[in-house]
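Two complexes follow with subunit A in common, the first pairing it with subunit B and the second with subunit C.
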Partner chain A sequence: MIESIVRATLLGVQSGMILALIAAGLTLIFGMLDVINFAHGALYMLGAYFGSVIAAELGSFWLALLIAPLLVGVVGIAIEVFSLRPLYGRNPLYHILLTFGFAIMIQGAVVQIWGGQARQIAQPALLTGTLSLGVVDYPVYRLFVLAISTALIGGVWLAIDRSNLGIIMRASAHDTEMVDALGIDVSKVFTGVFVFGAVLAGLAGVLLGASRSVNPGMGMGIIIEAFVIVVIGGLGSFRGAVFAALLIGLVTSYGALIAPTLTDLALFGLMAIVLMVKPNGLFGATEAA
Partner chain B sequence: MVRRLMSGGSTSDRDQRIERGDRDQSAMSRRGYLRTGAAVGTAAAIGGCLGGSGESGDALTVGYALPFTGTYAMLGESIVNGFEMYLEQNGGEIDGREVETVQRDTEANTNRGIDVTRELLIEEQADVIVGPVSSAVAIAIMDTIESEGSAIWLNANAGDYRVTQEGCLDYHFRTSFNDWQTSAPLAEWVYENVADNVCLAYADYAFGQNSKNFFGEAFEEAGGEIVAEVGAPLGTDDYSTYLSQIESSGADAVFSFFAGSDAVGYVSAFSDYGLDEEMTQTGSGFLLSEDTLPAQGEAALGMYSLLHYTPTQESERNRTFVENYRGAYDSTANVYACQGYDSAQAFAAAVEETGSAEPDELSGALSGMAIDSPRGSFRFNEQTHEAVQNMYVREVVESDGEQPVENQVVETIESVEGPTWDCDLS
Partner chain C sequence: MMPVFELLRDDDEARTGNQILSRPGRILLAVGILGLAAAGPIAGSIQPFWVNLLVRMLAFALLALSLDFVFGYAGLLSFGHAAMYGAGGYTAALLVGQVTPNALVVLPASVLVGVVVAALIGWLSVRARGIYFAMLTLAFAQLLYVVVFTDLPATIAGAETVTGGDNGLYGIGSYELAGVGFGDPLAYYFLTLALVALSLAGLIRLANSPFGRVIQGVRENEDRIEFIGYNVQRYKVIAFAISGGFAGLAGGLYVPFQSVANPGLLHWTVSGELVVMVLLGGMGTLWGPMVGAGLVVFLEDRLGGVASWEVILGTLFVLVVIFAPRGIAGALISLRDDPSGAVDSVKEALKNYVREVRD
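Showing the complex of A and B:
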């Protein structure tokens, strides 16, 4: 029993950190660009598919981890520059329709190119096997995912909190026109944020693709969880997204232990309660930090 | 605004989970629907020009009610490939009559399934319905097949036993398998060769529940003990929690039912956690089949599963089939292609024997008929119209072929007669 609880906790934190990578992009894009990016799950899926192709062709997980997210970033640039940019400032419904369209297109393209069967990314030989943590044996690869995603989230947190870029980002989220008037090219900041979100999602795709299956339904599955996280954490709040992701990760993994069929209910119940008590989410939606 | 959107998101999630029950993809279905709508219009127009068929002497019409979009698309395509390979080999004719084929996409969706079956029967005047893939669709179209009563139904994949138990239709013939066949016969083999206690792990939907129940009953009957049951929702992303329940059951072996991407995620995690060193993995054949093994790779080594067809099966008949299939489609044959091919063989044999396409006559001819299949010869049970066939226990071994691993038949359970579920058509 203790083993199960320890494992569920480890799993919860690990999937929480990965979800945070995805939700961070989603919430930052909303915070700065005012765009609800429905294609974010599709970008995550693309990361996994690019990763599985690169890992199979070049035979290296590490190259896949490096190159696949960058390719997803390139797709992100294309989406932002050619389709989102002309629509800034319009009714948010345009963005929703557009990004939802992209989600369907990307999913359709994936099925056309790679078929409906599940794929996998081979784990690097260095990280196979299990490690004894006293009470439980835990797969080394999953510990690696836990470590790298935590480090990335920590890095992003510091960057937003401390760096010049982070200050510009927060400022443009707060008042775009003023930042523009101060001589900073806001459109570049927008592109940067969107691409950064896409790269994080792609990275999450590669990391999870090696411990789960890579399939055409994975994007639609994860985007729902990511939205729940963003809403609970507070739209636009990075800090909120990280805390909410951890919360959702733990709820999901404990839920699977106690009542697997009720996990979804718990997820949405939690969201409903948070919205009733704090309509702006746990960390408010007024500023991004 | 935003909050309303979020609640919209939750609804579509629920829809998606439900559709996952059919192993479908929600996002595909709208587009697929439009596309099929257009195809229906065109095909109906063409059908009008060609006029009705079905009378003796005219062309024969084969109606494919199969998924061609979504997660199941590969299965639908393989079944069509198998069927058309047979037609190709026989000059596109059966009993001297030309054969026309009409494809309709069920999208593995029950409502679409009923619509396309009706279209195939009424507008296209199909003489035979080949399909579907999803069991939910099969159960949904039983009424249509029965009330129209105009065509024979060759069930080329949907394995739910309830089609026989609840339907027990005179026109229904299973050219594939049922869920009892892919689970229960393995129980005795596991008891004798692997372990006397098992944990049952299954995808928590109708087919998974049926499979684990059938295996469980047979295993206890053989004298074994079921120590635990672990059900995971269909489409589970991460199996860690379920695996720790399986591990803590302390069983020596596990019988699992998972398919498609679930099977990939489950088997990979099973090996990640090192469970393959503690217990023996056994399961229904879909756990370790040609569509999942390339992704599962070495994680699947040493696992056992039960199915009625394996492309690596050692027999002259199968080697020829696999070679021909590779020649025609440049890919390895799979169980679905074999089921499609056998559907064509069964239809052709019945038409040739009776010289007619009347469903009553075809049904009479097919009942008890033996088919020389690549899987080994099988016959249709007179009472249930189920395939009485050999079931093969396979082990995943290293391969020197293009894929790292493949199934190898380790034991043949001959001519498995299943329960009749109180269905008697004889």
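Showing the complex of A and C:
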């Protein structure tokens, strides 16, 4: 009993932190660029595919973890510069059509190049096996994922909260014109935020790709969960996204203990309740968006 | 953070609103419907399969029409229209399978169920605005999806099966009306076309009615409409319920024709695709989203055999957003207003695009 609870808690926190990596990018992109990025799941999937190719060709998980997210970042630059940048200031609802277009385009390209079958990313030898944590034996790789995603989220939080760049980012989200008038190239900040979100999604793709399978449906599967998290946390709120990601991770993993078929019910039920009580999410701005 | 719907109000000029509802517009629509009526038998004589495709295009056009009424006119972005569509579809499946194939009983029931589901979802969701409203409708639609997928009604009622769970319901017969069967695809096509045309006519009238003006006012400036003394929440719920009725009708038309009802009808990807169809067609024009939906269904079917059809469809969406920001309807309207300027405006759009990218 205690063993399964500890196991579920560890799993919940770990999947919550991974979800936070994806949701953080999504919420930052929305908060600053006012873009509802449906392609975010596709970027996550792309990270997993790039990772699986690099891991297979170069035989190194670590190189895959390093290079794949950067390649996803390059794709992110292309999307931002060639399609989003000319469209800022236009009706943002059309960004849904745009990013949805990219999502199915990337998914189609992935199937075209690598086929429809699932692929694998081999876990590094260093991280195989299990570690005894007293009550439970837990896979080392999962502990590694937990540690690295927590460190990354912590780093991002510090960067947003403390660094100059973070201040510029938050200021641009608050009042783009004023920041522009102060002589800061907001256009570059926008590109940076989008690419940063893409890199985080790519990282999550490699990390999860090595513990789950890499398949063309993974992007569309995760995007809706990420949206739920972002909305529960409050659109544009970073700490809201992290908090909601942990909440959803734990609810899902405890839910799997109690009633595995009803975890979706818990996910969407939770969002419905939160939004009916707090229509702008837990950490959202009080003014309706 | 720039509120999404604040920006929506900024481009009043760009909205393609009421233009097609003018007299020439209505005549053009009537001609289009007569053209479709003629197209059915012609397509059927070339290749019977084409009639099948036409019926599916019409069903999705009706669904897109229902979404545009609430999205384009009332400004309520619904991300849960699959709920009403699926509810109407399952209603038709259960009634045709177990009660009666009479279209005069089943189709109104599908509409009614759509209205009830939409009224409930709308009533629970209107507290939130903008994207939060969209996400609430998504949540309730997904809850309904889980209910159907896990066959919760059967568990509660103690029956063996109600919704058929994961597999759905199979072998649903076609409609009958006054002793005439609609088993023939062409007959079904005419039934569908007639109902779609009636729905379009009804919604155009409604959009131009005082009620329609109020909900457009809600879209433009919710607070002002409230100050004038209208009960904004109630208007939103009513608009959502009306839209849900038409979505239910679309489900009721689609399911007996396919003779299958599965949980996939209610999945969020249907709602998502629908929003994309409306935007592609040009929201707020009623006819544009219908064209958009028909085009997407057509392309998905025709390109299905091509290896990279998703890449082609995705590229189309991206290009439309960049070069035809008001969708297909917007592009057609500016072409009608200024046919000679078409080449120039394409050049202008390209120049603007290059400048913005460099900037």
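The rule is short, and it goes like this: the second predicted complex is superposed on the first by the 284 of 289 C-alpha atoms of A that agree within 3 Å, B and C clash if a C-alpha of one lies under 4 Å from a C-alpha of the other, contacts with A are read in each partner's own complex, and residues count from 1 in each chain.
By our rule, a contact is a pair of C-beta atoms (placed from the backbone, for glycine too) under 8 Å apart; a residue touches a chain by one contact, two chains touch by 3 or more.
This structure is a prediction, so every number in the text was calculated from the model and none was measured.
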- Query: Touching A:213 in the superposition: subunit B (first), subunit C (second), both, neither?
  - Reply: first
- Message: Just to be sure I read the superposition right, which of the two partners does A:101 touch: subunit B = first, subunit C = second, or both, or neither?
- Response: second
- Query: What is the contact status of A:59 with respect to subunit B (first) and subunit C (second): first, second, both, or neither?
  - Reply: neither
- Message: With both complexes overlaid on chain A, does A:92 touch subunit B (first), subunit C (second), both or neither?
- Response: both
- Please work out whether A:154 is in contact with subunit B alone, subunit C alone, both, or neither, and reply first, second, both or neither. neither
- Message: So in the superposed three-chain picture, is A:235 touching just subunit B, just subunit C, both, or none of them (first/second/both/neither)?
- Response: both
- Regarding the shared-chain residue A:116, is it in contact with subunit B (first), subunit C (second), both, or neither? first
- Message: After the superposition on A, what does A:264 contact: first (subunit B), second (subunit C), both or neither?
- Response: both
- State whether A:81 touches subunit B only (first), subunit C only (second), both chains, or neither. second
- Message: Per the definitions at the top, what is the overlap between the subunit A residues touching subunit B and those touching subunit C?
- Response: 36, 92, 96, 103-104, 107-108, 111, 220, 224, 227-228, 231, 235, 261, 264, 268, 271, 275, 279
- Note on the structure: The subunit A residues in contact with subunit C across the complex are 31, 34, 36, 38, 81-83, 85-87, 89-98, 100-109, 111-112, 173-174, 176, 187, 220, 224, 227-228, 231, 235-236, 261-262, 264-265, 267-269, 271-272, 275-276, 279-281, 284-285, 287-289
- Considering the complex alone, what residue numbers of subunit A touch subunit B? 1, 3-4, 7-8, 11, 15, 36, 92, 96, 103-104, 107-108, 111, 115-120, 122-123, 128-130, 136-139, 141-142, 211-218, 220-222, 224, 227-228, 231, 235, 253, 256-257, 260-261, 263-264, 268, 271, 275, 279
- Task: Would you pull the subunit B residues touching subunit A in the complex into a rising list?
- Result: 1-3, 5-6, 9-10, 12-14, 16-17, 20, 25-28, 30-31, 69-74, 204, 231-233, 235-238, 240-242, 244-245, 247-248, 260-265, 268-269, 272-274, 291-292, 294-297
- Message: Considering only the defined contacts, which subunit C positions touch subunit A in the complex?
- Response: 1-5, 7-8, 10-11, 14, 77, 124, 127-132, 135-136, 138-140, 142-143, 145-146, 150, 268-269, 272, 275-276, 279-280, 283, 307-318, 320-322, 325, 352-353, 356-357, 359
